[in-house]
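Presented below are the structures under discussion, each in the form of structure tokens.
Okay, so chain A shows up in both of these, paired with chain B first and chain C after.
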Partner chain A sequence: MKNFWTIFRKRLFSTALILFLITSFIFLLLRLAPGDPTQRFLSPELSPLLLEKIKKSFLLDKPLLEQYLIFIKNIFSGEFGISYNYRIPVMSVIWNTLPFTLIFATISFSLQISISLLLVFFISQRRNSLLDRLLGKINLVFYSIPTMIVGMFLIFIFSLQLNLLPMSGLHSIDFDNASVWDKLINYSVHLILPLATLSLPGIIVFYGYLRNNIDEVYKRSFVLFLRSCGENEKIIFRKHVLPNSVEPLISVLGTELSILLSGTLITENIFGLPGMGRLIVDAILTRDYPLVVGCVFVSAILVIIANTVADVVKVNINKRLASEYFE
Partner chain B sequence: MKPTRILTWHIILLVSFALIIARLGEISNSLILFYLFAKLSFTDTGYFTNNLSLEFIDQFLSISILILCTAIVILKRNKWKMLSNKVGLPLSLAIVFVLIITYGAIVAPFNPSLQFNLSIAKNLPPVSVKTLVTNSGSNSKHSNPIAEFAEFKKTVMREVVDDDYYLIDAGGAAQQLANGTSRKQNNQYSKICFLLGTDEYGRDVFSRLIYATRLSVFIGIGAVIVTLIFGVLLGFLAGYYSRSAGKILNSFTDMFLAFPAIFLVILFLSLYGNSLFNVIFVIGFASWMSLFKIVRGEVISIKSKNFIITSQQLGMNKLAILRKEIIPFLMPSITVNVIFQFANIIIAESSLSFLGLTGNHVYPTLGQMVQEGQFYIKHAWWILLFPSVTIVLILFLANKVARKLQLKFSGHKFFN
Partner chain C sequence: MSRLIKSCITLLSVICLTVSCTEPQLNNHQAVVIGLDSDVTTLNPLYVSREAEANISELIYLALVGYDWDSEKGEVISYPLLAKKIEWNGDSSSVLITIRDDIKWSDGDKVTTDDIVYSFDLYSDPKVQSRFYGIFNNYYLNQDLSIDLEKTFKIISPTRLEIKFKPNVPTSTFDFDMPILPKHLFKNIKREELATSDIGFKPIGSGPYILDKWDRNQSIQLVKNAKSVLVNGNTIDKIIFKVIPDYNSRINQLRKGEIDITENISPEDMRDLKSDNDIVMIARRGREYDYLGLKNVGSEKENQGSNQLFGNKNIRKALSFALNRESILKEYLLGNGELMTGPIAPIFKSSFNSDLISFKYDLQKAKELLQNAGWKDNDGDGVIEKDGKKFEFTLSIPSGNPLRNYSATIFQNNLKAVGIDVKLNTLEPAVFFEKMFNKELEAWIAGWMVPIPLDLKPYWYSDTQIAQANVYGYKNLRVDWLLDNLEKKLTKSEYANTLREFQQIIYDEQPALFLFWIDNIVGYNKRIKNMKINPLGAVQKCWTWELAQ
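And then the complex of A and B:
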């Protein structure tokens, strides 16, 4: 935790600057774009006075500079205004959907890490066997396969052909009068396919990285030294090879989160799940300006936090890197 | 005799000749069509502009590329080093793929938006054979060149809906033949095979797939060019002036990296319209960051090398240094990165189309085909399966080629 705050303090200024620039950029992009968000709420037959009134209530009647100043003032007080569509503060709209996306992404992320580690652990004892080579080929073919194709494929097999798992939604229709235990089972049954969809590409990529790194590490001379000392092969792998090969993986983890966020966007759309990805797309398509800015702000904060955490983990694993942060 | 390896030109000639033999009728018809078109546009005012459509240009370009490419490869096969490379299985697959895309209009048996009569052609499974009725209109003797042109145009490029061009199933054919009372007199019956089936509107999936692959690859290449321009120029600036402007540019890039690019793309497309140009520009603009980082890092590291300092002191300006000294030096890493970027852009484009954000162009894209297919996943799996397989195939080939190049340039394998 001490490390986290030190790194965070180091990054505080640039983080704040980046956040400010992103939100200002989005704000300008939204306001300078052609089109009018008020048109959705009014038919052209109604009086222009009403239009003025709505514009006034959305604070769109003022000149751009004044709008921008109000916007900045609101950011510093943590207010993003009131959503045009939902008519409640933006933050509470986001709070309704954010927990789901966070939990979903976290579970998927831990699944990706643990399954790829387990696979590598399993394969490392059978290097250059038939299974290893087969996995290598599969990995090459399905490297960076789009999320939606995985989703469609899984739906086709597991819900349409085998009729095992539900196709979409978070829970079934008779959900409300079930017991707690049934609710939990219902949730998890509905989440199996989305989780698999989101995790499978990540597992493939991580496995590829790890497998390659392990090969590289086994070529180094300290492995030879340990073997000549008569060290157990399992201990060599667990204590020396694996920690050395995990390190390049961790620097990818930070960017992995932004991939994960865009992955949840597609997954939520395929499976009809109530998450932030769908919220953002809906907000953009209906020109709900305050909601768009709020969502972008929150997701930028999430990515920045993830990058900081990745740095902390990296420093904790490899102490030599620490000098970059604590000199 | 030594067993000879397969070379590049073997594959190119094989595909080209197979295509010429298989589509000889269409090619000769098209050539006559172009001849008539040229003749008419000299004699008749306004003919040129009235009849020149995208499909016409497409057909013309495909056929001329096919003929030119075959001729050049035959002539230059031993002289150009590029044509006598040894190729393995993935690389030869990639070559076949590229050829099919460039020859697209000839490979595709039908117009991608040609709708057959729905009563028979709706959602046909793959490899289904049907009887095609073609009405050749009046007799083939034409006194009027304009009518002749129209006739040829009709045979080469079928309209979206055509009364003289319809399918009948086996029972219907027998009945028509037995009665001898078809609608018009000179009907011709031929068997056609829908290799990959048809979709909900009775359009041939195979033809659509070829055109879609072309459009997707075109978008990919366009976006990669945008990426290259932004990434290399900005990377060079940031690396060359790493004290002042470089810092600002670098934090600017961090800003772009800080939040998922797909949101930015969706925002831009929904606000500024989703024409083809916008799609290409914005996807390219959303993915120049990794190239920027690579170029910047390398420029900083080679800036103080002797050959750069020498060329500076010889009085070369910045652009000349970039063009003559730095870009050749960075070529390997840029090439590999660009091919990886291409794969990423294909993914981005197909995800955007899947969300329904890339508008309707003249031809469909692969993502749009997947998106259309998802509604028929239960009854007609082939509409969904083949575009998906094509996307995976493109990604696989791009990654494979990139890794091959990486291996060739650096001598050892590494990731990113």
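And then the complex of A and C:
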């Protein structure tokens, strides 16, 4: 924790600058891109006068520079304005989806790490076995299957054919009257298929990385030295090979966590889950400017936190890196 | 390690089995689940804009009248909801409304005529920016287009109200069919803040259902309002709107019985679902149509001698003959639609001009018309030209609409056969519609839904300040006169004749190339009884639905 805050403090200025630049860039990009947020009020059945009134209330009738200054003022007062679609403060809209995204991403991330590690443990005892070679070959095949196909396939098998798991939603519709335990089970069951869909590519990637790294580390001379000293093969693997293999993976893990925290649109869409991915894409498609900027801001913070955490873990694993961060 | 993996698999299987046994089966409950493609943004009747929002909000907030569809006559008929009696004066310039004295808001207060006047005040107030702002043309209005309350409304008693309209305007129940709002709650909110207030998320209405729970992006649950006079013992206890963004998931859940109703089913899926004994499939003959729009159609007079590509009505007719709409109707829509002759749907039996016959696919006729207009392939490159200008244009379509994508490809080939070079351009919907309304597209495929009551002026009137949907730039003084005439008081036959002439002119001039009326395919579980699916929609009058025992 001490390392986290030290690294975070060092990055505070650059973090604030990055956030400011990202939000300003998105603000300008949205205004310059084609599309009009009041388009949905332009309908033969609605009065053209209504459109003018709404444009005015969205401040879209003001010059771009004035809009930008108002936007900057709002940011510094911690507001992102009112969402055009939901007509409530942007942060309230985001707050409705953020807890789910955080929990979902964290569980999926933990699953990806733990299952890939378990697989590596399992295979490391059977190196060059048929299963090892098979996993090496199908690795790429699994990774290249689009998430959508994986999701549809899992739904087809487990929901439609076997009737074991629910197809969509975060929980059953009438679960309000259930006990806490039943609610927990209900949530868990609804998340099995989405988590499997989301985590499978990550597991494959992490497994592939780890497996290759382990091979590389085994080739190093210190392993030969340990073996010549008569060290137990299991201890060589657990105490020496694995820690050295995990280190290069940390940066990849940081990136994966950032992606998960920014939302997982396809999985959310297939399984009807209320996450940040769906929110941000809907906001972009309907040109809900304040909501897009708010989502980008929150996602950027999450990405920065994820990368900082990855750096802290790296420092803890490899103390030599500490000099880079703390000097 | 292998033991650990085996244990994990066993645990997972046990959880799956346990939960599949504990998963609630909605079929056993007094509830109907309706699949929605996206969450609604508000339930405040002042601001609801999408069909799903209006459907839900109308179950919570009652209007003075409701509507049914008379399929024999092909027209809408009204029935009283909040109103008990509606008495028009001789020339229909005023109406005396008596409301039911047994209807209460869900918080216990009585619904009075004061609520009605206040609702219309809000709907027409520019500060509120409601969806109905600027459309109260038959009322006495102030300069800012808000309703002149003093001139218009006379409250006789808490249950009797008189509404006076401007003279010589065609009045009907459509003038006062908006949902009625509770004054005692809305008056506490500043009018400028109504759009952002949380009254849209915690509605108090007078309808047959009340909001029980709104799980953002998951579901909206309505429960029967036991105090409502519209419900009885057979009324379904719960109407649940479940958000399922993915189309395939919606279809699968309908199959599995997790949802009871879903709309906009593809013709291909309809064919498959028909074999399911638990599902009833209905192709709702609709008022939605697709058309191929052309830029700067203008008027015949304006276009004489000009080089506007689509200015000549014979060119537009040639294009109509060249499009093989029948093949799309047969192969893509699988017959779930109808070829068009003009912008009035055949379902409006009293208004539809049945003498008109839709343009049949006829390449020879198309070529003749183009040749007569001077378009010939002189250089033998397969593309016709006139005065050195080649007949080529870009056809734009919005992304995410497979039917329009399919149609565009077919039309590109059809037009190539008569020597017209068409380039296809797919645009993101937000960009597409902005460009369409700004008249920046050369040709495009889009669609409209014919409004009820029939309102043609926004689409075909020459003045685009009034007709914002006249994106083709069509101008015809006779059409303008006819459309103006429709806003006057006419007898039934005068009204029908005016519409017949309008359709004849549009047919002759082809300001847009009318493609097909598209059926909205609805699938529902056969356990729902008394469900009426008609041009007004599938989710309507839910309080009359019942569940089979």
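What we mean here is this: the second predicted complex is superposed on the first by the 306 of 327 C-alpha atoms of A that agree within 3 Å, B and C clash if a C-alpha of one lies under 4 Å from a C-alpha of the other, contacts with A are read in each partner's own complex, and residues count from 1 in each chain.
Note that in this section contacts are C-beta pairs under 8 Å (C-beta built on N, C-alpha and C of every residue); 3 or more make two chains touch, one makes a residue touch a chain.
This one's a predicted model, so the numbers in the text were calculated from it and none came from an experiment.
For the composite obtained by overlaying on chain A, chain B and chain C cannot both be accommodated without a clash. In the superposed model, A:155 makes contact with both chain B and chain C. Using the contact criterion defined above for the overlaid structures, shared-chain residue A:34 touches chain B and also reaches chain C.
Once the two complexes are overlaid on the shared chain, A:212 sits against chain B while remaining clear of chain C. Contacts of A:144 after superposition: chain B is touched, whereas chain C is not reached. Applying the stated contact rule after C-alpha superposition, one finds that A:86 touches chain C and leaves chain B untouched.
Applying the stated contact rule after C-alpha superposition, one finds that A:176 touches chain C and leaves chain B untouched.
When the two structures are aligned on the shared chain, A:269 is found in touch with chain B and with chain C.
After overlaying the two complexes on the shared chain, residue contacts for A:200 are found with neither chain B nor chain C.
More residues of chain A are touched by C (comparison of chain B with chain C). Once the two complexes are overlaid on the shared chain, A:285 sits against chain B and chain C alike. On chain A, the surface patch touched by chain B in one complex and by chain C in the other comprises residues 34-35, 152, 155, 160, 269, 285, 287. Interface of chain C with chain A (complex): residues 1-2, 4-5, 12, 15-20, 22-24, 26, 29, 31, 33, 38, 41-42, 47, 49, 126, 129, 131, 133-135, 145, 195-196, 198, 200, 213, 215-219, 221, 240, 242-246, 248-249, 252-253, 255-256, 258, 428-431, 433-435, 437, 448, 451, 455, 458-459, 465, 467-469.
Residues 251-252, 254-255, 257-263, 266-268, 270-272, 343-344, 347, 350-351, 354-355, 370, 374, 377-378, 381, 384, 388, 391-392, 395-396, 399-400, 413, 415 of chain B are the ones touching chain A in the complex. Against chain C, in their complex, chain A makes its touches with residues 34-36, 39-50, 53-54, 57, 82, 85-89, 96-97, 118, 121-122, 125, 152, 155, 158-160, 163-176, 182, 185-186, 188-189, 192, 268-274, 278, 282, 285-287. Residues of chain A that touch chain B in their complex: 14, 17-18, 21-22, 25-26, 29-30, 33-35, 140-149, 152-153, 155-156, 160, 208-209, 212, 255, 258-259, 261-262, 265-266, 269, 280-281, 284-285, 287, 292, 295-296, 299-300, 303-304, 307.
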